[in-house]
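Per-chain residue numbering starts at 1, and chain names A, B and C are given in the order in which the chains are listed.
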Amino acid sequence: MPHLLEVVGLHARYGDVRVLHGIDFHVEQGGLTALLGANGAGKTTTLRALSGMIRTEGSITLAGSKLDGLRPEEVARQGVAHVPDGRGTILELSVDENLQLGAYTRTKAEAAADRERVFDYFPKLRQRNKQQAGTLSGGEQQMLAIGRALMLRPRLLLLDEPSFGLAPLIIREIFDIMRRIRDQDGVSILLVEQNASLALDLADQACLLETGRIVASGPASDIAQDESVRRSYLGY
Amino acid sequence: MDGFLHQLLAGIASGGIYASVALALVMIFQATHHVNFAQGEMAMFSTYIALVLIQAGVPYWVAFAITVAVSFVMGAVIQRVLLTPLAGSPVLASVGVFIGLLLIFNSAAGWLFGYTLKQFPTPFDGPPVMGGFVTPHDLGAFVVTLVVLTAVWAFFRFTTLGLAMRAAAYNPSSSRLMGIRVGAMLALGWGLAASIGAIAGMMVAPVVFLDPNMMSGVLLYAFAGALLGGIANPLGAVVGGFAIGIIENLAGAYLVGNELKLTLALVIIVAVLMVKPAGIFGRTIVSRV
Amino acid sequence: MRDTLIGLVVVIIAVSLAFVASDYRLFQLTTVAIYAIAILGLALVTGYNGQISLGHGAFYAVGAYVTAILTSMYDVPYWATLPVSAVVCAAIGFLVGLPALRLGGLYLALTTFALAVATPQLLKHKALEHWTGGVQGIVVDKPDAPFGLPINADQWVYLFSIAVAAVLFALAGNLVRGRIGRAMRAVRDNALAAEATGIDVALFKTRTFAVSALVTGIAGSLSAIVVGFVSPDSFTVFLSITLFTGLVVGGAATIAGPIFGAMFITFLPNLAEQVSKAAPGVIYGVLLIAFMFLLPAGVAGGLNRLHRRRPAPQP
């Protein structure tokens, strides 16, 4: 399967502090790659680097076209939807308005069809359509964040710790939906997660990040079965 | 009772103008958390542009439209050139730039057009209407500001672009992730604010006569109105503007005399900031962690 | 030590100028001294303490009117009006500072701006006319040199102003270099952290405001004596804006800055007005913006940076 996202030699820094030291990884077309690692390893930074929020060196290509150096607005217009840490919903606006904005770059007809799909995935959002986003529960906000991202009809979905701060039942729900998004809609996903076992269960490929460097990568099943990797880096 | 009605209606008419300027202030505040101290002077300068056009023979409403367009461009350019680079700077830096703009517009107007009071024409002529309480201009100005305010409201409420502008104001980084060009949204917001200010200036000039210092009082009342209604709340700002117009007129006539109206505005500003800084309609955003 | 020496040299030069300058130049130099004091007040609160005031012209006005009223109506000697002015302005500054507490930079700027705009109207009000003289204003007699010194009234007033300035600058210099100055800057840079070190931030900010009002008020008093006249329209919002401009151009967080700023706002209008009445305003505006972009620390700050570039002595 060809690679949708190809990252080669990616460096990133905040001001003078280098955080990523030349990492390589990829996401397959229609696949899910898990980016794992401890706190501070650089996982969130990697996603920010991909969506143009910070300065980078190195090459990022999406289906052959160059993503590195683009501003976040332009990256989004290339079909990359980033659900950041903190979810990125606009709390002052309603659920409906957030979804509308997710489809900002698309036509009204396309957006209408996609809204139905999002409500299929997340029936609770249909119920709360007119409600202000800030009044939703944590789980519902996460769903809205993902729903908003789907409204872009993205080729690539970047998810930053979707399980953060959520109850186990909701996490399960969200992971099931991620599976469906990948399998049924063919959306490629780069998933950053601290919850390694859940992520490895879902992922096709996995990469392990430690202080800005990739220390292990390969098919998810290999990583999951590698005892030394699991003990040293994943804690189980 | 006659006097009261007259003052009330006049207050509503001026309230419309304060509401417009207050709206312009709040639009910029919402998007950038900056107070545009130069808003009044920009509006005054635009009004001079209109006067030049009219004196050159351009029909009133054509001059009106051209002025609105030119003001829009002026506002957008100022935002792009001067304010975008200052995005992360301390408050003092942006205050300095705004005061600098205030000075430039005020002095340039004096330089180019002179300091003598000038008459500014109104398209609404004729004898007093509504039982003799209201001049045609007051009524016309009120209608114009109402139309403008409604149009702006509708723009933000019903159009995608308006929604995108609101989003860019609330949360620029999230908006970027959705493909919204935040920089362009800010420029648009400034352009709109400048246009609204220009219209306010053109409505006020026939009454108070045009000179470089015409708008400083109006700006103060607009500040008071915006704070009273809610500095981060467009609807509140509009209501606040009308309220200030009525309060100012009635208090000026019956309580403190015309000579203390500005001081009254100052007192209202201080009172609001001490008692309820978010204003009467200030919304506290509910967000569950 | 170095700064004290520089200060001493400046004072000596200033004093000697009293005897060589023409009448007009002397008047300008007196104006520089007075504006320097006024901007010093603003520097204390805005530069060192981070509270943006666009309304210090109001305190200047209060000081001027206190002196004018006391000398013309109550025959108080001119020099005795200064302490009264100081107290009155400090009190008003404290009161203005109170609502300022809850307000962040922008709201304070807005409130002080409103104060500046409202001041002339307040001064013209009928209820106060008995004291303020309304629109006509008040005439202030220029004092002659005391003790029969062989100098004229203009020279005396100039020297008096220099003396007051020297004292105030010395006191201010001590203040900002010491513990209180550090606390001021701490509050400016990180109020939360300052609070954590035990500084009562609220009280501190109000007190700083009071002190700054006091200083600018004294400048106002001096101006009444020097100009010989006060009227409401001398104290418009543009006075506050001019002081602000002087602060920015001179250097907001330095002691020498106000002197540069004062020179700037005194001499520039004379040059610029030859072009047009409006030119000074445009130049102020352009410079304000330019300084914000290029030289935020003002002239004094720029000089400081140059000075620091000298390599440190080897151990």
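What we mean here is this: a residue touches a chain if its C-beta (ideal position, glycine included) is under 8 Å from a C-beta of that chain, and two chains touch if they have at least 3 such contacts.
This structure is a prediction, so every number in the text was calculated from the model and none was measured.
K.L.:
By CA centroid distance, what chain is farthest from chain C?
P.N.:
Looking at centroid distances, A is the chain farthest away.
K.L.:
Just by CA atoms, which chain is the most central one?
P.N.:
B
K.L.:
CA centre of chain A versus CA centre of chain C: separation in Å?
P.N.:
So the centre of chain A lies 56 Å away from the centre of chain C.
K.L.:
Could you give the separation in Å between the centres of chain B and chain C, each centre being the mean of its C-alpha atoms?
P.N.:
32
K.L.:
Centre to centre, by mean C-alpha position, how many angstrom separate chain A and chain B?
P.N.:
43
K.L.:
Counting only residues that touch at least two other chains, what does the list for chain B look like?
P.N.:
If we look for residues of chain B contacting two or more partner chains, we find none.
K.L.:
Which bits of chain B are touching chain A when the two form their complex?
P.N.:
Touching chain A from chain B are residues 160, 163-164, 166-167, 170-171, 173-182, 285-289.
K.L.:
Which chain B residues qualify as touching chain C in the complex?
P.N.:
33-35, 37, 82, 85-86, 89, 91-93, 95-97, 99-111, 115, 216-217, 219-220, 223-224, 227, 257, 259-263, 265-266, 269-270, 273-274, 277
K.L.:
What does chain C use to touch chain B in their complex?
P.N.:
Interface residues on the chain C side: 46, 50, 52, 54, 99, 102-107, 109-111, 113-115, 117-118, 121-122, 124-126, 237, 241, 244-245, 248, 252, 276-282, 284-289, 291-293, 296.
K.L.:
Residue numbers of chain A touching chain B in their complex, please.
P.N.:
So the residues of chain A touching chain B come out as 51, 53, 71-73, 76-77, 81-82, 84, 88-93, 97, 100-102, 104-105, 132, 134-138, 148, 152.
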